[in-house]
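Below you'll find the structures, each written out as structure tokens.
First subunit A sits with subunit B, and in the next complex the same chain sits with subunit C.
And then the complex of A and B:
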């Protein structure tokens, strides 16, 4: 039997998530795993936007910030259940992405990068300055999701680390599955066509602006859900989640793994999430390393690590 | 009235810096169609290297000169090491490369200069000059004069010298320029050197007023870009007008609305330009050759 690349990616992902805990030396690694999944989810959104639609966002952390603070604020102020707050955050992010993207994506060129950069800075400015609502730079507590207790009552008892590991893992698999479906759909093909040549795509009658807008909105939802999951599992969030460096991390993870590939996104997220955990000195050099990775990958491995390796393997097999 | 004048004067001062950053953007954009996201880091480097040379004992003018020359060299190195090897790469890759270079420079600056805020003394003292009830620092006059001088210098260079025309020819059509014997790689090197040098100069001029630290580049890049877009991407006159306009808008926002949100002015300007006049004030509608 021959697997399509889509089912191969999903199968590998499920097996990896299910089997990895066997090798965990301590409970701490469940937390690292959950962080990897949260980042990989956001980076999957970047793959849709940058890898397929050919647009760059430097403000995606802003959407993560919206998702995170929706979970922190909505349950306390409006009595909304944290699980619904995830959806609320995603809806707000989608509307904002639509409003910002609509005028910009009609135009060709770098404008989304700049406008999203400005938007991200504005969101993090609001989160830092509106202390009456967000408590400012010191951060704010996030309510308990409550799902773990429900599972406990149903007879499935998990530690906090295990619970978040598997929940984030499941969300990532769903996110990857949706993204891969999109990739193979008419919209996905159209997106990749317009990345190849916008003029050609326009000539064959594609609504280029609408396609790019769709990609931007979808990727904003991914980032927002990722921010929500991060806030809920930490039970605490600071405006750093919406900061510029977080946006850069997302782009770098996508670029490193392979900006056109979902498997690459997950690989890139895993490497750059593990690095600071393994190397404590990394914090000092984080910007240096991220910048260098972006430049070097773009010059020497333009497709990213995972697609380049896959090509090597296939090439030698034939 | 004097209040309004005060806000305008401080707006014009920062506007002069934004105009310089926008001019730097414009030069590289014209020569190579690359939007250089590392432009703001040149401003940071200008200020930081001056601080370092000055605290090491160099006289201020010499320290400033060293900063401009060193930053120009860094700009050339960036072109040689990061941009040129990726020639022919899709636009997305080039954008990611300049973003990567900018993050790299930030990271290196953090290691070399530390995370502290630095400054050095103003060129002609700190006694404010009074104008109609408002005050302006002598250093502000330096900044404004500097940006006007750079603009005039660039204008003369591009219209009166053979080399300047070679740059313009390259920006119009790279292949045609090559065919008539213009050394286009040299033109690229020159453009990055000029652009980085101008960025560094603006950093040198403004640091005594705003101070500097390793992470100030990003804000300058965003605002310089907003100014360049407002004026019309690729148009030096537009960069100058756009810079001063943005500065004044920011000054008024800080004065009348909220100083915490003055940085939002740049973002609003970007959106407004994209909504209502994507070509900017002086830009021309562009079409693509297929």
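And then the complex of A and C:
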């Protein structure tokens, strides 16, 4: 039996996540892995928005910020369990994306990039300046998720690093599965269609503004959950999570791996998360390297690394 | 009873009347062609009927309802679909996916069902795919189903656009130069296809340069020149009409 691209991607992902720990030189790499998964989740949302619907957001870190601070604040102030705070953050992000996207996405062109940029900056400013609530730029503690203790009581004892590695891995697999479902569905097809020709999409009855809005809201939820997981595993969060550089990072990861492909998004997230961990010198020149990667990919691998390689393999196979 | 009625439609660009006071109707199963020299306003008229341009005057009545200046996706819901002179296909999608896209109105349900891959979503997708494969067979593209649309020949793309439009199961089909750029064989295939669609009861409005095709398949012809309707009638009477001959050959020739 031939594997569909969807099951092939999911199978490869599960195998990689399950087997990678065998090669880890130290427990530290569980943490790196978890970071990769968290970033890959946000970038999967970018694939839906940018790769399929053709819309650009420069403020997605804002949604990650909402997800992160929901987990920091809701348990302390309203006594909501951190796991429910993830859902609360996602719901707030979805509503905000809807409010911002609804008027903007009726316009033709790249207005969403500008509007989302402004929105991201605003969220970042609120997180930095409203010290009474967020404690400002110094960051804030995030409560324990508590799931690890539950597992321990049930007889499954994991180190903190292992726990977050597998939890984020599972969430990423689910996120990838949902995105791949969407890709082959009526909605996903319509998103890709309007990216190809808006005129033709309208002609066959597609409500272009509504479809773009759906893509924006869905991708905001991905970013929000990613922010929540980041905050919960670090047990600490600063407003940097909502910063402009984080938004650019998400887009760069997607473009590097291949903005139209979920597998590419995960690859891009892995490369750009690993680099600064492996080469400490990279950290100082991070912005420079991000820019350089963008330029080189645009020139040499317009579709991104993974789709370009796949095309080569298929091309030579025929 | 006309399925589509055009009543006194007009539009001006910068003070120049591109289309002025044009009226006619299309009945179910009828093929009406709009002809005229270059710049006569045919495509402009089409764009007004299909909701791309906002008409300056007049009305478009579809099935008894005033649909003037209605957005194309709402027109599609009411059974009007069009093709484009300069081809509008989804280049990076496969031929099959392009055709399935035509089933969007029948296929699309809730986004949540789509994301979760619920049985209802799978069922809708399956039905759309079956319909699309059937249509591709009818237009002779079934063997190209899995190919990327961008790799097809011009004539095949024209047929793909018609297949996608047929997927909507329209009551009124607007075809903007379906045979433009096609060779003789391809033109004949498209000719058969249009006649077949009309025979199934669809009202067809056609803009076409290929006079032989127009004369062969039209029930009724509307002639535009400088944005005004100068003649209409069946192919035989229109081709004999002095005003039409003058418009095509130039006024001096006709006088001399």
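We adopt the following convention: the second predicted complex is superposed on the first by the 318 of 318 C-alpha atoms of A that agree within 3 Å, B and C clash if a C-alpha of one lies under 4 Å from a C-alpha of the other, contacts with A are read in each partner's own complex, and residues count from 1 in each chain.
Heads up, the rule we're going with is that contacts are C-beta pairs under 8 Å (C-beta built on N, C-alpha and C of every residue); 3 or more make two chains touch, one makes a residue touch a chain.
What you are looking at is a predicted structure, and each value in this text was computed from that prediction instead of being measured.
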{"item": "Subunit B versus subunit C as contact partner of A:8, first or second or both or neither", "value": "neither"}
{"item": "Subunit B versus subunit C as contact partner of A:16, first or second or both or neither", "value": "neither"}
{"item": "Partner chain(s) touched by A:199 [first = subunit B, second = subunit C, both, neither]", "value": "both"}
{"item": "Contacts of A:292 with subunit B and subunit C, given as first, second, both or neither", "value": "first"}
{"item": "Which of subunit B and subunit C A:279 touches, first, second, both or neither", "value": "neither"}
{"item": "Partner chain in contact with A:100 - subunit B first, subunit C second, else both or neither", "value": "first"}
{"item": "Of subunit C and subunit B, partner touching more subunit A residues", "value": "B"}
{"item": "Contacts of A:302 with subunit B and subunit C, given as first, second, both or neither", "value": "first"}
{"item": "Partner chain(s) touched by A:122 [first = subunit B, second = subunit C, both, neither]", "value": "first"}
{"item": "Subunit B/subunit C common contact set on subunit A", "value": "199-200"}
{"item": "Complex contact set, residues of subunit A against subunit B", "value": "50, 54-56, 58, 100, 103-104, 106-111, 113-115, 117-119, 121-122, 125, 129, 199-200, 244, 248, 251-252, 255, 259, 284-295, 298-299, 302"}
{"item": "Subunit A contact footprint on subunit B (complex, rising order)", "value": "35, 37, 82, 85-86, 89-93, 95-97, 99-108, 110-111, 218-219, 222, 225-226, 229, 260-261, 263-264, 266-267, 270-271, 274-275, 278, 288, 290"}
{"item": "Interfacial residue positions of subunit A with respect to subunit C in the complex", "value": "178, 181-182, 184-190, 192-193, 196-197, 199-208, 214, 218"}
{"item": "Contacting residues of subunit C [partner subunit A, same complex]", "value": "50, 52, 71-73, 76-77, 81-82, 84, 88-93, 97-98, 100-102, 104-105, 107-109, 111, 114-117, 121, 124-125, 128, 164-165, 167-168"}
